[in-house]
Every structure is written in C-alpha cells, then in structure tokens.
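Here chain A shows up in two complexes: once beside chain B, once beside chain C.
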Partner chain A sequence: MKRASGGDARRTRRGSRILVRAVLKTPLHAVIVVICFLWLLPSLGLFVSSLRPRHLIQQSGWWTAFETPFQFTLDNYSHVIESSNMGRSFINSLLIAVPATVFPTVIAVFTAYAFSRLKFFGRDAVFLVIVGLLVVPIQMTLIPVLRVFNQLRLTGTFLGVWLAHAAYGLPFAIYLLRNFIDELPVEMFESAQMDGASHFRIIVSLVIPTSVPALASLAIFQFMWVWNDLLVALIYLGGTPDVAPMTVTISHLVSSQGSGWEYLTAAAFISMLLPMIVFFSLQKYFIRGIVAGSVKG
Partner chain B sequence: MATVELKNLCKVFDGGVKAVNEVNITINDKEFVVLVGPSGCGKTTTLRMIAGLEEITDGELYIDGTLMNDIPPKDRDIAMVFQNYALYPHMTVYENMSFGLRIRKYPKEEIKTRVHEAAQILDIEELLERRPKALSGGQRQRVAVGRAIVRKPKVFLFDEPLSNLDAKLRVQMRTELSSLHTRLQATMIYVTHDQVEAMTMGDKIVVLRDGLIQQIGSPLELYNNPKNRFVAGFIGSPPMNIITSMVKEEGGKIIADEGDFQIVLSGSMGDKLKSYVGKNVLLGIRPEDLVYMASPEKANNIKTSIEVIEPLGAEIHLWVSTKTHHFIVRVPPRWDFTVGDEANFKPDLNKIQFFDVGTEEAIL
Partner chain C sequence: MKKAVTVIYIVVLSAVVGMPACQPSMGGKVTVLGVWGGSELDVFNKITADLKKTKNIDVEFEATRDINAVLTTRVESGNPPDVAILPQLSLVVDFARKGKLVDLSTLIDVGKIKNEYSPSWIDLGSVDGKFYGLFFKTAVKGLVYYDPQRFKELGLQAPKTWDEMMRLSQKLIDMKKTPWAIGIESGNASGWPATDWIENIFVRQYGAGPYRRWYDGTLAWTSPQVKKAFQMFGDIAARQGWTYGGASGVLSTAFQEAGNPVFSDPPKAYLFQQASFMAGMIEQAFPDLKPVTDINFFVLPPIDPENKAVEIGGDVLAAFSSTPQVKAFLEYMSSSDAQAPFAATGATMPNHTVPLSAYGNELDREFAAILNSADTVVFDASDMMPSEINAAFWSATIDYIKNPARLDAILAQLEKTRQDVYNK
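Up next is the complex of A and B:
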C-alpha cells in the first residue's frame, strides 16, 4: 500500500513539474508563433491572391477570400505559364541556377582543401585577399566585367552568367568550407596520406563525404541567391526571352501588366516554389551547416 | 620487415624551437622499440619524421638502408596507428581497413582475404559492416590497428595508441599488441608517455627529454642502471627515491651522510665515491630496495615515521619520512602498519645509485 501511494505521489509531482514547465514556456511559444505568423503573412497573402479571380482582387483584400462563398481559381497560373513565357523562364532559371551552384561548390571544395591542408608560399595572404573580396559590392564589378564579357562574346550566354555567379559566390564558399575542413581531424588526412591517397583522392573519398552538411548548406545558399537574382541576370544576359530567367520575366510582367496583380502573384509564387522545395528537403543540413565553422557537428 | 636507422636527426620548427636534437637510434629488424618521455620531449615529432608527416630539418633517416628523407609517406611502406584512431567516419570497418589496399589497386579477392585475416587476428570479424561511431573505444583502436596490419608494411608506427582507452582496456590492449608483435614478427616503433607501457612492451626503450636522447636500452637495463637522474626518476613506478647526501670519509670508510642517517659504503661502491669526499651527491634508491626491519639495525638503519599507507593487495606502498627526507617504500603485505608508527628500513647496498649533483649523470 505504502509503495503504491509513494508511486502516486511521484506521478503527481512529475505531472506538476511538466505543467509548470509548460506554463513557464508559454510566453516564449506565444512570441515565436506571433513572429512566425507575421513573417509568413506576406507569402500567405501572395498565395491566396494568386488563387483569386481578377475582379475580386481589385475589389477586396486577400483576407476576405476566406468568407463564403469561396471563389478560387487556377486561371492565373495557367495564364502565366501559357502566355507569359513563364514555362521557358522556369527552365532558364534552372539552366542558370544548377550549374551556377555546382561550379562554385566544386571549385570551392578543392580551393578550401588547399588553403586548409597544403603549405605553400603566401597561403594566408591569398586567403585574406579572398576573404576581403566578400565585402566588395557587386555593383562595382558590373561595368568592368561586362566590358570583358563583351570582348569575349560572353554577354547574353549562359556560360557568361555561370562564370559571373561562380565568381561572386566563390569567396564565401571558400571561406565557409575552409573553416569546416580546418575542423576535421588532421589525423584523418595524415592517415589517408600514409594509406597512399593522393590529394585528389583525399578530397573525393574523405573531404566531400565528411563535409556533406557544409556542402549542402553552401549549395542552398548559392542556389537561392542565383535563383532569386535579378541584377546579374539582367546585366549579363539582357532581356532576351530565350535566355531570361524567371526573375527577369516577372520584372517584365510588372512593367507590362502593372495592374495585373493576379498574374504577378501567381508568377511570384511559381518562382518561390522551387527554393522552398530545395530548402525543406535539405533543411536539416542547412541548420547544421550554418554552425559548421564554429561547432563541429 | 625492415631496419630503421636515425642518424643525427633534428627537427627545428618555425620560430626556432628545436624539438628533436641529434637523435641517433638503430632499430633492428623485428624489434619493438618504445620512445618514451614526458610531453614535449620530441618523441611524437621523431615518430612523425619517420612516417614522413614531418619534414626532417637535419640528419638522415634510413629504412632498410635506403635514405628516406625526401620520400613521401605513401612510398615509405609504413603504417601508423594514431592516438585518436583517425578512422574514416563515413566508411564501414571493412572499407576503413581496405582503403589503403584499394588505393594501391590490389585485386578484390586479395583485399577480402587480407581484411578477414586481420579482422580474425584482432577479433573484430563481426564488426566489419559497422561504422566507427557504432564502435566502442577499444573496438575503434582495434580497427585502427587492423588498418595497419592489412597493408603488411615494413614498419609499424604507434603514436600513443592506448592513451584514449580506460585503464582496464589499456592493460588488455597492451598485452594484445605485444602478442601481435610476436605473431607478426614486424618492426614496430611505439611512442608513449607511460613508462609502464614502455617497460612491459619494448624490446628496447629510448628515453627522450627536451629533444635529446637520455638513454637507450632494454627495460631492465634502464631500470637497474639508469644513466642519469632523469631516467632514474622517470622509469619505475613508484619512482626512485632521490635525496641529497654528503660523502665523508671516517676511519678509512666512505660514508654517505644524509643528515639524520648515514650509510656506510663498502668495497667498490666506496671506491667510486672517493673522489666525491667532502662533496654532495644524489643518492637514489628504488622503493623495493628499502628493506623493512622489524627491529632497528645497528648499521645503515633508517628510522622513519609512517605518513601514508597505500595497500595495493599484492604489496603495500608506504610514504615515510625521517626528519629531513621523504621516501616511498614498497613492502610485502606481511605486516600491519599504522600511520604515525615508527618503521625501520635498511637499504640494499648493491642496488643504491649515485648521481653527480651538477651533471646529474650516474657515478659509475
């Protein structure tokens, strides 16, 4: 009997501890929920508007869409995809973003390894210069690079924009990866060296597999940056529909259909879709990768 | 298998720190050599120079008679086991062990045979499909050793491989490594700061301090005839008792006067100290060479009072003191001792060592 009542008391105490903890954490949770809600509100408004017919958008705010009778339509999406060159732009965006993510990531792995593991004259000075490049505003480079591209006939080509994005992304990529590789145990590399592995083999067999979190977060950063970029694409590719990515096409929509909100919102939502999928599918690496340099995961 | 020869090996790091200074060691074929010393003595740097992971500043390194100074690690045919295992975290045990062979493009069948052979020797066959994170410390260290064995290298290098293991496992792995050496009949160079490991495993021990070799010899040579005060104090646990003593000549006999007791030295021992009459020397005596006497002796008696008693089961360590000196004594567990009691000891005169106060070298 005694033992049973003791168990009850313990259960009650545990229950009350959980309750106290829940009550104490409620304000924090409430604040987080409010911030998340405020943060998501514009995207939600964008999404709801993209599903509303033109006349309703012009008459009332998006929040009235939840009043009965519900009136939603996919017409805006079909119009945008069919008549605004959005399908082609989506492909173009992919054609730009994928190589412009892969190139700098691959180059950065090799460069970062060299900065981290090889000893050569001026290593730290060169690395400092590369880190220094992080603070150079992109606008400063546009005219000189464009002049070079014109001479090399790279303007208006995907190759040109890949090179530009790779170059703009590399300083950060090298910086992030070098810090990550620095944190990997030195003995692992030495052991591979004694096993007979060349530097190339060490990078392929050891560095890349063990740096997946850093590489994934880097790839997400770079992909999002390239996907959302308007400036670089506009300058180096121009507005030709054949090569224009989604950002350029949407910006044209704004000027040609300044009042066509329903199409703009649909187009904007399409452009958000892929980064969202990429982010959610790789988010666990993203979180780990951000803290990669400071605390090894 | 192979011989390894270090000739006047030096290592100077950036900033002028001389980590290894004119080290000369000859390691014979199939020999198990232990480099031992306190941290910062240059033992790991020496090992890393043999491995090729550290550039040799000066001197020559020969493996099987071939100069190795400028040969990269992968071409030296050496395998190394690291203190923190250095396993590849994303590979299974099998992949870890076969990595070196795969790089050297061995046929698949041979790789399989060698890995299974090594796994059998180390009793890790059932772990071959596991990743390192699913292994205990001891198992990881076995895998690291296995990775070295499969390569069948000329020389095995071990860099404090047991220091990350708990005490019990360390003792077990120690014996396993010793029997592995017997089984493989390979040349092995082993670095440790633990003199017990050095004594129990090595055919030959090299004691290093501040980058300089203090003494090279078999475990018992080092224990019984240390060349200087450092080796005397470093080898042996509990350490040798070393006290300052004044050499005197009284009635034709040489006496070592420690203040509150005197030791009369006869025969050759006395002759050795004749030139030190009137000077101080360091007297060294091992804890087991102070013999407990139930009643005080007339000559050479050391009267002490017991301060701490450490019963270890098979033996008892007594921390005792005279008025001016402290000693640690190792006695059989035959007597009952109480803290504060008087205890009398007699030194075994054949085992006493003397060292010069200035040079700290043994007086031979």
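Up next is the complex of A and C:
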C-alpha cells in the first residue's frame, strides 16, 4: 500500500475516500460474513462428521472433533464407495440425469419459441394450462401415471423415468424460456424471416445461441432436481440394483432401525460432487440466467 | 433375407444352448419390497444368494424406508411386488381386508411352520381367521438397559416390580443423579419410542385382552385405562429432574442416541428403555462395552403380576402373488437356515429351532430366550392401529411430554381421530 506523502493532496483525498468507503462498508461485509458462516455451518458440521470414526459420531457432537487428540478417518468414505452397487448406481444416476435434462430443455426451447413467436388459435389458453401445471403436486400424479406405465410396460425402464422427469420439468422450463424469448428483439426475428430462414433455422441459429444463459440455468435446475430425486426414481424405476440411482442406493445404507446413518454423512458429500462440478462449470451463465425472464421490457 | 435367417438361427441356437443350464432347478424370480438397508440388507443378500444356488431363484429386492407410501402406490396402480416385508402389522390387515394378499395356508406348508413357530406368531399374522403374515425378524420391546458396574458402585439392584423400579428412580434422585435417559425423536415418526412405553405399561397393567380392544379400535382413548397408562409414563418421562435434559431433551434427542448418557463416562443417567435391537447399536457406539458386565438389561417389571405378556415389534412377510417361486421363497425364509444368519446381527428370530449359538452374544441369546419362553406375545399396539391413528398417537405423546396438564384434551383429540377413522 502506497501512503500519501508530500504534497500530492489529490492522491491523499482519493486515499481517504477509499478508506471512508471501506469503513462504511465494513458493517455490510461483517453481516455477509456472519450470514455465510451461519449458512455453511450445517454443511461444515456434516463434513467434519463424515471424517470422524463411527463410534465418535454416535457419542459426541462434531465440534468436539477439534479437541486433542484428533481422531479423523476416511473409513466412512471407503465404506460408502465400497458398498455394494455404488459404482453401478453412479452410472445409473448419470444415465437418468443427462437425458432427463437434455430432453425437457430441447423440447422447451421449441415449445417456448412457438408460444412466443407463432400465432395460433388458443395459444394463450394452452400456455395458461401449462403454467397451471406448475402447481400440481407431483404426488397426485403417481398412481395414474404408474397405471399407464404398467400398461405400456415402461415401469422399471430408463425410458419411463426420462419421460416422467421430462414431463415434470417441462412446465417450468417452458414458462422460463418463453419469457426469455419474449425479451429478444423483434427485429432480429423479422430480419431472419426476411432472409428466408425457416422457424427451425431461426431456433437453431438465433434462439439457442442468444438464450445460452437461460438454457444453462434451466439445465442446472433440472439436473440438480433429477440428480437429487428419490421419489420419482423409487416409484417408476424401483430400487432393483441394476437400475437404482445413487439416491436410492444411498438410502439403502441405513438399516430399518436407523443404524448406519453415520455413513450418510460421507454419502452426502460423494453424491454432491458431480452437481458441484456441473454448477461451478456453468456458474457464469447461471448468474446471468437467474434473472432470465424476470424483466419484461 | 439372408440376414433374417441368420438372426433366427442365432436365437434358436441360444435358446437350445441356454436351456440345459437351468433345467435341474426351478428358476424364475421373486420381487421383494421391504424396509431393510445397511447390515440387514447385506445379510439378506447373502441368504438369497443361497436360494439362487439351490433353486436358481433370483430374488430382486427393492428397499425403501417409506414403505407405506411406495407400497400403497404400487398396489393401487396394479404393480405390486411378489412379496412385501412390512414393519407394521396394520398394513397386513389393510391389504388383507382389501383382498390383495394371498392366504399363506393355501400356498405353503403351514404344518411345518406350526412346528417351528410358537402359536402366537400364527395368531398375530392372521386376519379374520386367515393366515397372511409370516413373521421373520423381530425385536423384544420394553427392555431397560443399564450399566451393572455403575449399579454396583451405587449399591443398586435391578428391580423386580414396577414399584421397586420407581423407588430405585427416587433413590437416584436422592443421590442427586438423573435416573432416566429418554429420547423420542425419530424424524417423521417421532414419538414412537414413547408409544412403546405406554403400550408396555398398558399391557402390564390390564393384560392382553383390553390391549387388543385398544388397538382394535373398540376401547375409547378417553377410557380410564388409557389415561392411566399415559399418566404412569408421564410419572417418569414428564417429571421434573427425572430425565436427562428434561422435557426438551426427551423431545429433541434421537432415539438412536438416547441411551448414550447411560454409558458415557461419567454417566449422566442410569436407565434407558428400548427394544432388543438397541443393544447392538449401543455396543457399536461404545465398542469397549462388554455385554452382561458393562451393559445389561431387565424387562420392564410387572405392574399387575397376573398380566405377563411380552411386547414385540417386527417385520412380517406378506405375499401378493402365489407363484411357485414365492412359495419356495417363503418356505425358505421361514426355515432356520435363512433365519440363523439374521440372528447373528442382533435380531431376534421367531423360528425357535434357530440354535441359540447362532446369536451374536449373551444379550442376544437372552432376548431369544425371553421370546421362546413367553406365554403371551403381543405386537406393538401402535403398529397394529390404522396408520392415521398410529401417527396421531405418535404426535400425541410429544404434546403430552410438552404439557402433561393437557392430557384430557390430548386424549379427546385421539378419540376423535379414532371415531373419524372407524366411522368412515
């Protein structure tokens, strides 16, 4: 840090202005740090617990881990990784989550474009119904959909669970993207049409490249929801080892009387890994995309 | 065209080659839905691997801890598993009355089961005179764990009657110590450990007959019997200074960890009531404890000496289809061969031909002995009640510990739930 010395009064003034601003902002920063700390505390406790030996997790709180003698171990992690079927279910989770993210995102782009740019009979009514579907609780649909799936022999197949996840994700996806496409400048579409571009061409060459922030945040939402989903997988896919995703296999770590829950601490971090990677790699789009469709101008 | 011929040729060839491999045994598969996980699931996979070897039957196990919702959804939508492993007898009753379950006496050799199971198991598993539920893995309820070393230091002895137990608690109070460790938190099933207390008190006070009327829904919750059972529980659990952590400790402590204060060093409490499966969990949390010398138990002592019944909880097998594979699976599961490996995990098995040597340690053997010598076995009453009443009972115990003075209002609310359910 360079101190203002000698006659350069202007620099001194600027220096003190920065200082004043820093002092004024200190309370704000302090509040942010405190909130972040409180927010992260449970995760921190979970993380510390996951590194403690089993009997200590059961006997005492995680904060006692910082007392000497230190007793840390990776046993919980190795148990989870080595437990039967964890590798297979990681693959299963990917096999479910990737198509169940791609399908609704792609379908939603085309649908949202239609709702935004095409004029057809009953457009607003259909859109209203789709928005209305946002508030239908998923539990209401389980039995009727499962009956249909049984007839079509889709129960227990990946195709069935892709369809289910796509359908549950679509109302929100269409709603988000339609509002985003609405904001795109009309001139852009008009000039494309004048150049003779088809709708398909407009979507592929114009809409998709300009909606990357919205698409990325949508993909993150959908991926996280599918990755963390237990209910849909359990109902439509079942818990048999060859199709069970990680959420189902992790829930098998605990016995019916609740013993073995200490492994969940490690399992939580293992299953968090991939969503974290997805989130951080798409983060810069996410920040821009989170306000997608919120301001209509 | 040539391609098609080749495909047909390959299909036929593989069918012919594949056939002899599965000829000597039955083949096929059984789908099973249950609540097991962790070590239970490991053992189950081990014993079903044997079934694969001897009969070539594949057992596909699906586990969920929310069996109530998942099974109901699957049954309603016409996609039930072949066999369900149910922790609540009320579900067996439900599905049996709806005509979804197979009467096991038409499927398996009940004579053999009658030789190896005591008659109470068949009675408990029967609904309206038909045999639907085959008990598999059970736990004895209403056991009080303590540390014999600490008892010796303080000159205390395991009580023989309820009054002795209350005097023992008072003695500990007089020594400025906390007698009881109680914790009833268990996620969305919070309160069930308290219902176990009340049920054990009820059956010791009034016997198996009124107990049955209570869970059958013919005894009012506002009856003096139920009220007395709540009050006797409250005399321990809701009494100032009698429980570690007081009322808020009781309500917020997870049942899995509730016994820790008894075995920690120094101890913070001296008595802890739970089922037999808890012994293994305590031994895991405190690996240095030696069974019998450092951790022992007594059965909650009798109140009215006339009424001797052992309360149990457990998992019951029920069949939704009657294929030969289901028959083979159920007969295997009822046998000592399938049950002995589970005995080693700390479960108490209903087949009394399971040798005592199969149990993991001295405590587990004593649990089995209690079960085998019991005159009357009753099932956990709350798990016999319809789910709505069961859930209401769980949360009523929470309200009661929070505010014991509201007991009459709490019981009136439960009575209203009972009437709503039975008058539907």
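The rule is short, and it goes like this: the second predicted complex is superposed on the first by the 276 of 297 C-alpha atoms of A that agree within 3 Å, B and C clash if a C-alpha of one lies under 4 Å from a C-alpha of the other, contacts with A are read in each partner's own complex, and residues count from 1 in each chain.
Here, a residue touches a chain if its C-beta (ideal position, glycine included) is under 8 Å from a C-beta of that chain, and two chains touch if they have at least 3 such contacts.
Source: prediction; values computed, not measured.
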{"item": "Clash or fit, chain B versus chain C on superposed chain A", "value": "fit"}
{"item": "Chain B versus chain C as contact partner of A:188, first or second or both or neither", "value": "first"}
{"item": "First, second, both or neither for A:155, with chain B first and chain C second", "value": "second"}
{"item": "Partner chain in contact with A:44 - chain B first, chain C second, else both or neither", "value": "neither"}
{"item": "Partner chain in contact with A:197 - chain B first, chain C second, else both or neither", "value": "first"}
{"item": "Of chain B and chain C, the chain that contacts the larger number of chain A residues", "value": "C"}
{"item": "Chain B versus chain C as contact partner of A:19, first or second or both or neither", "value": "neither"}
{"item": "Which of chain B and chain C A:147 touches, first, second, both or neither", "value": "second"}
{"item": "Touched partner set for A:209, first chain B, second chain C, both or neither", "value": "first"}
{"item": "Chain C, chain A and chain B - angle at the middle CA centre, rounded to the nearest 10 degrees", "value": "150"}
{"item": "Superposed arrangement (fit on chain A Cα atoms) - minimum chain B/chain C Cα distance in Å", "value": "39"}
{"item": "Touching both chain B and chain C, residues of chain A", "value": "none"}
{"item": "Of chain C, residues touching chain A in the complex", "value": "31, 35-42, 45, 60-66, 70, 73-74, 76-79, 87, 139, 186, 254-257, 260, 264, 277, 280-281, 284-287, 315"}
{"item": "Complex contact set, residues of chain A against chain C", "value": "54-55, 58-59, 84, 142-144, 146-147, 149-150, 155, 234-235, 238-240, 248, 251-261, 263"}
{"item": "Complex contacts: residues of chain B adjacent to chain A", "value": "51-53, 72-74, 78-80, 82-90, 99-100, 103-104, 147, 151"}
{"item": "Interfacial residue positions of chain A with respect to chain B in the complex", "value": "185, 187-188, 190-197, 201, 205-206, 209-210"}
